């Protein structure tokens, strides 16, 4: 019954004050768009940091005097550990070559140094989700007989990791701040546009309309505006995203990045639309109820 | 003359609609605060990336058979190049030790490999502003007689650098977007609060007030609200900044970061206040003028 | 069908001012027609605001059909207002809406269906002479036309109680007479009516019992006093 | 000192409607006093809106002291309005401001200094009987009180031209008489006055020449006609 009055009235209201309402939609879209871009950036940073940090490996340096059978036994033991994703046995020659490659152009120099006395190593990749427990794992491996030394994180990687952790924290902080200010913006815009129509609310109340009846048209309006703003924001974010990643093609690294970027999944977009509609409905309901309280004796 | 009416009227107006005005200030402060935090984050990222990338050095590997005099001549030549900030001569022993330290725990192993046949190196730090021309410089050095090989950037650093360039681009993009949406918010809020007072503007016009007279009180109000919002935002950003960096003390790296973080300089804050006041004045002036145009026959 | 109205020991003052009404009591029987008069600022509108539950009295009770209405819940307040048709001194119309929509408002609020609604509105608009302008927005109407829309709205749903605050102040004489005849017709149908007015000619032309607000009190005055003083 | 007003071949229609005024011409000499009358919706307020430059005519010119005012720049429009005191049918007061501030508004707009201002306002508020309520906000006033504030504002700066649209519609008889006497005093000082009203009693009590709007035209009517028809 309320909707029979509320929907047509809301549509008439939107048409009558179309300029103010377009403004409302735009402002909503702008702030939601910024929020969406920040969340998207955040998602991508998390995604990349996961990918990057998953490179974390443990290198086990074996005792030089270990015989091949013992080596193989040790390798089997390491390989079948539940937290280990993959393990590779590296000969001293390969190890030195890898090291040289890692260091860049000076490999010739290192390779000239000879491999006598250099140990075998086992390079271990750990399952992503257990990266936090890498210390424990490394200690466990170090305790195995036949293992001379264990290296498991390079300092630079550690720094990068820290940087990502910081970025993640700051990201959360920002997203919270923006959600709050977004809420403030929506409820403020609703309040102001209701303030301009408080006469109407007074009149409805005077001809005997109940609170729900009065709310109906405003709630419908709020929902429509919120949905329109949200859809527009999704469009804006999608366009910005395309614009940004289309710029990522100047070399292979950027192209690799481009191939890996993520966008919001559809269910998340749907959930955001639903949340926006709910927010629109709630904030107009709240504002109307408060105005009605003010009008009461 | 306009101000004699405008200022007291503006203050009365602010007092009368104090709730709506506090809301206006809050919403301004929230969006300005987010903007400020993002700019601050951006500044810090740029600052850190500068610091980080300034580590970029060029290593010159000299021919192994170079005699000490030729070495010294070459060193002089490199040291006095206009783009070079500092250069250090590194003996093979020192070089190997440094390398071992860089690689972590396996230094004992490398040190055992002996230093015969290893070359002298010159480590060069380049002036910050010429980092872009590092390729040219490296090529120039490589062409010098007595230089066997030149390494000048590690791959990871290159990636990090790229990452910062991307971050910088995205940062600019965001800041632009946020400034736009901030402008939209301010002008929308002004428009709505004027809309609620369009009767007043009509009445003033009917008793013969000129446009400037009518604008005066609204412009003063706009300026006051913008200033209040801006000051509050500065306070919020300052508090958030303190909150964030106070969290940075769990190890030496974060403490090093903490020591290096930057906050807005005072002149920048002053400029922001001025800009906010101007924006407040302009957007209310604009809104009033448009409302007056609508009222005209 | 109609409802009797009783005020008992009613006192009302606005914030920080002397009381407008002080210990006022009067009784209006079912289906009676009363004028309410008094100088500007005497308190006529205040009486209506109290009866419509737009203000709460400082002291005293208001009885509608024997029921105290001063402490109703919001939902019951809405029901209370639905049985009253009121013409406000400042019209209280939705400026953005058409004449038709404004008149339909109390019917919509009461949950009438579109079909039943149309006939009623048509009839009322014919009676006040605005039928051919039913689609026009209220914003562009003249003062008198707004007053007529406000009257049509108050009459739309055949209220049991009808209040009018200065309903003819912006109408020309012939229109004022037409409106008064509409109100009298409603009254004859059993509705309890109170009309506040300054217009002594109106009272002379359509005789009814008259309440005068003077010195914060409500007195019933005899029409002959007015006649002699005019 | 006063200004003569002339309308020449004035036509005015609102969007998508028949004209309200069609080829209207009349002339009001300096210092004259005219009533403007006509049924509800005849076009009285429209005439004032045209004279105040709130609407542009479709055709025709409006002359104030021989000067065509229909195409003034915004700044000159403001100057034009400053010489006119007008009481609007819907008052047009700043609801949030005090009575005093509302009355002072035209003086402030004209750049009066605070000292000079205070005396004038005081006097006007005394005359309409609101001096002791000068600090009250207009929002809380009764209909009649608002009308009085609006009248005080229009009289505040001794205008050369005075328009009043239904200035006594919400006033009781004695207050209406007081207001008419104030307007007549202003008129005697040389001001050109037009008062729109429905109230034939008012016209009878304070005789003046009368313009009647009928069938989209303005005719001057003789008071005797009114007398006989009343």
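Order of writing sets the labels: A, B, C and D. Residues in every chain begin at 1.
We adopt the following convention: a contact is a pair of C-beta atoms (placed from the backbone, for glycine too) under 8 Å apart; a residue touches a chain by one contact, two chains touch by 3 or more.
Computed from a predicted structure; not experimentally measured.
> Along the graph of touching chains, what's the shortest path length in steps from subunit B to subunit C?
Each step joins two touching chains, and the minimum needed here is 2.
> Which chains, if any, touch subunit B and subunit D both?
Common contact partners of subunit B and subunit D, which must touch each of the two, are absent.
> Using only Cα atoms to place each chain's centre, name the chain farthest from subunit B.
C
> Let me have the rounded angstrom distance from the C-alpha centre of subunit C over to the C-alpha centre of subunit D, please.
Distance between chain centres: 29 Å.
> Centre to centre, by mean C-alpha position, how many angstrom separate subunit A and subunit B?
Measuring from centre to centre gives 22 Å for this pair.
> Determine the centre-to-centre distance between subunit A and subunit D, using the mean Cα coordinates as centres, and give it in whole Å.
Centres of subunit A and subunit D (C-alpha means) sit 66 Å apart.
> Centre to centre, by mean C-alpha position, how many angstrom separate subunit A and subunit C?
Their C-alpha centroids are separated by 62 Å.
> Please output the residue numbers of subunit C that touch at least 2 other chains, ranges allowed.
Not one residue in subunit C touches at least two other chains.
> Provide the list of subunit A residues touching at least two other chains, using ranges where the numbers run on.
none
> What is the shape of the graph in which nodes denote protein chains and edges denote touching chain pairs (line, ring, star, complete, other)?
Graph shape here is a ring: one loop, exactly two partners per chain.
> According to the definition already given, which pairs of chains are in contact?
Here the touching pairs of chains are A-B, A-C, B-D, C-D.
> Enumerate the contact residues on subunit B facing subunit A in the complex.
20, 23-24, 26-27, 30-31, 33-34, 37-38, 41, 61, 99, 103-106, 109, 112-114, 117-119, 149-151, 154-156, 158-160, 162, 166, 169-170, 173-174, 177-178, 180-181, 184-185, 188-189, 191-193, 195-196, 240, 244, 247-248, 253-254, 257
> In the complex formed with subunit D, which residues of subunit B make contact?
My answer: residues 1, 5, 12-13, 16, 199-200, 202-211, 213, 292, 296-297.
> Which stretch or stretches of subunit D touch subunit C in the complex?
Spelled out, the residues of subunit D in touch with subunit C are 14, 38-41, 44-45, 89-90, 140-145, 147-148, 165-166, 169-175, 198, 200-201.
> Spell out the part of subunit C that touches subunit A in their complex, as residue ranges.
52-56, 74-75, 78-84, 86, 88, 92-97, 105-106, 108-111, 153
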